[in-house]
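Chains: A, B and C, in written order; residue numbering restarts at 1 for each.
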């Protein structure tokens, strides 16, 4: 038996003292060099992060206020708040996730567990190619789709969600597929040997094992789309007033709001810029909260493979 | 019940196929008029090939810079979090890297022109002075820093979290037996990583790289804001005359376009389709070749 | 299995809460309530980004006075605005260029408005300033030929003889000139290139279009982009909406014998002195101008952008027609134009122009 196996958070080899005398200086030097390189890479990656966060905070905090969070911009020139934009972002993202996540994960299950032949190849092909679709094209597609059924000039919150789903689905599928692939076959085989039907193997063995990784994949996809501007510009439109119904009328969101404030600040330039940065800061905060939630879930459900 | 479940999975797969296939149909039907039109009808009076080629070149160049910088960095970051850093910090560090993905693309664009661009100007001038004989650094170095190099670097930062997250998942799941075995034989930490962890994670890293590359190829807002788009095909990374990318070109021209010009823009979307398809097929081929390694 | 139960419950509860909020709010949501002005309804406009700030200001004030009306303006760009109007998706459009006879745009718009008539009037005039970044040099003077040569990249450094000739006594450094242009297709570019090709056709031989024709300069997206780029680069010079120039130095351009600065009054005067474009103004309610860029009169500044309002004289419902008419009347009224001048930096329509424009709006059949 392997002794007290704590479910460690991650795999981390400890230096083994068994044959330390046998580790020549050259190999040690390489080891040290690579460790420094790897540590240095991490530090390098942190520089832009802190620079970005610093800049957004520095420029965005002046724009924050109670008004920013509680009132919309209806009837106010060059001022007002962004509550309508915040609500819009949350609603549009939630609807997009509701569309993409179930479909994406089930499709990944199909690809990895059931799929054979032409459908599998066709789907893989499309998913691969769609990871590169420009966000504005996704928006144009969603607009064309709704225009087909509802006539020209239509603008709805749910159109934005559909456009974002087009962007999310390939990411969810690709990352879910990777995570499902990593679940070792011996787990499946063991369950199979016990006579478990296939669907139960998937739901009771594969998915729970992969659960934490699936959450990470979904988080990546959500983070990808929450700050998207281009597709929403052509689908959800621009509006000053609060609207919480995604199936009726235009809906504002933080990304488009920030972009508009930056692009057309009017005469009160600084106030508009402050609003834009404050909206960006709020967006980042929303994703941070979602990320924390995902991390909590991850920690609770992470299983390690021996 | 088994049928219900597998049926649901199949239905989901078909639904996705319909959705993504629908996008392909859209691109084809809207883009076709431009592909078949003569040079005189298209914007700029050039044939479609002349119109799209510089855009395709710019797209690939920017994405290549991004991938070349981001993938090694992401692998190193993932290794750091899973194998070098103290275990207790791992979640927090992972969270920090994932935070890069939380930042909206407009903010990346604005950061590029306000912070990175001006900061890069001295570096680009140095590159022109010392390495100016290379076509990449011919210069003259831009005064504002809004160059292909800076755009590529910003894209690299944008795709870093995607590649790193996928790599992290794989490295964390590398079988401990293999690693412990290596240590038992006296391997150093780096050797253990090199022998047991990296090979295990290779296909995931490539998949992650493809996801990241896809993002870089299709990124619209950041490139639109940063890049000084005013040139033809050129490898010059530090000047103000850069070719545009397909996505940025659509965003820049779509608002004021009408009629055949819009069809031309969508047709360039088709070209991007083809580019993404080619790179993904290459990646799948590479992964496929080591299918036995798992 | 029970591990996931709390997760499932949480997700379900969140979804339920969101649904309740959405349903609840849509009751009290957009527009339909008793209004102070008696007007009610919802309509949309789309188009020019140049007009965006002004449209936002007009909408805000109008909605304040008429709480029963909800208006939205999508700054999708002039091309998109015209297309959406023609397709019937919007009630009005903002366009930096008058509807053209190319691809039958004018006829299609007339068809959309049938059995009513097409209305097109200028509602937004803005001077385009030539901004530059040259520390220590104030009040730079440039004549049109020098200006064209700079943007055509024929003059490479600031201490060139052509520039020095018009700026005696000013110490010009030998910094490299970085001309900044728009990377996106824009009405500002179209108007600027139109000015250059009409006034100095020997130097500026490029075709007039919304896409900047000269390769190799510094390109930035949007007016803010140009302003940021000029601010960031020493030796940079660019063209941008005067209201966005901010702290940047503005050059004086030679008009006739004088050195003109961009100002609201000077811009409006150009429009006053310009004739109607006969080809693009077939009916009495379509008022499209052919700007006289070559004007030499005193007090004018010919580098201007004129943006138009496109509407119909008849709409589907009486209440929509009433609301649209009331809004458009406000837009072209002195109060509306003053508001736009304050909030967006545009030039208000001169009284003479306002008189010409008002009857076209009046022709909207309401009630």
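Just so we're on the same page, contacts are C-beta pairs under 8 Å (C-beta built on N, C-alpha and C of every residue); 3 or more make two chains touch, one makes a residue touch a chain.
Quantities reported herein were computed from a predicted structural model and do not represent experimental measurements.
**Student:** By the document's touch definition, which label belongs to this structure's chain graph: line, ring, star, complete, or other?
**Tutor:** complete
**Student:** Given the two chain pairs A-B and B-C, which is bridged by the higher number of C-beta pairs in contact?
**Tutor:** Counting C-beta pairs in contact for A-B and B-C gives the edge to A-B.
**Student:** Measure off the straight-line distance from the CA centroid of chain B to the CA centroid of chain C, and report it in whole Å.
**Tutor:** Chain centres of chain B and chain C, defined by C-alpha means, are spaced 35 Å apart.
**Student:** Could you please state the distance in Å, as a whole number, between where the Cα atoms of chain A are centred and where those of chain B are centred?
**Tutor:** Inter-chain centre distance comes to 16 Å.
**Student:** Do you know which chain B residues sit against two or more other chains?
**Tutor:** 114, 251, 254
**Student:** Quick check: what residues of chain C touch more than one other chain, meaning two or more?
**Tutor:** 49, 75-76
**Student:** If I count partner chains per residue in chain A, which residues reach a count of at least 2?
**Tutor:** 234, 262
**Student:** What part of chain C is in contact with chain A in the complex they form?
**Tutor:** Chain C reaches chain A through residues 3-4, 7, 15, 18, 21-23, 25-26, 29-31, 42, 44, 46, 49, 52-53, 56-57, 59-61, 63-64, 67, 70, 72-76, 84, 87-90, 222-224, 243-244, 246, 339, 342-345.
**Student:** Which residues of chain C touch chain B once you look at their complex with the stated criterion?
**Tutor:** Where chain C meets chain B, its residues are 49, 75-80, 82-83, 103, 105, 176, 178, 181, 183-187, 210-212, 214-221, 225, 228-229, 232-236.
**Student:** Taking the touch rule as given, give the residues of chain B at its contact with chain A in the complex, in rising order.
**Tutor:** By the definition above, chain B touches chain A via 1-2, 4-6, 8-17, 19-24, 26-27, 30, 72-73, 76-77, 79-85, 87-88, 90-91, 93-108, 110-111, 114-116, 157, 160-162, 164-166, 169-177, 179-180, 182-193, 197, 203-204, 207-208, 210-211, 213-215, 217-221, 246-247, 250-251, 254, 266, 269, 272-273, 275-277, 279-281, 284, 294.
**Student:** Help me check something: in the complex, which residues belonging to chain A touch chain C?
**Tutor:** 73-78, 90-91, 94, 98, 151-155, 208, 211, 233-234, 237-246, 248-250, 260, 262-269, 297, 300-301
**Student:** Please give the residue numbers of chain A that touch chain B in the complex, ascending.
**Tutor:** Contact set of chain A toward chain B: 8-16, 18-20, 22-23, 27-28, 30-31, 34-35, 37-39, 41-42, 44-46, 48-49, 51-53, 55-56, 102-107, 109-111, 113-115, 119, 122-138, 140-141, 144-145, 165-166, 169-171, 173-175, 177-179, 181-182, 184, 197-200, 202-203, 213, 216, 219-220, 223-224, 226-230, 234, 254-255, 258-259, 262, 280, 283-284, 287-288, 291-292, 295, 298-299, 304-306.
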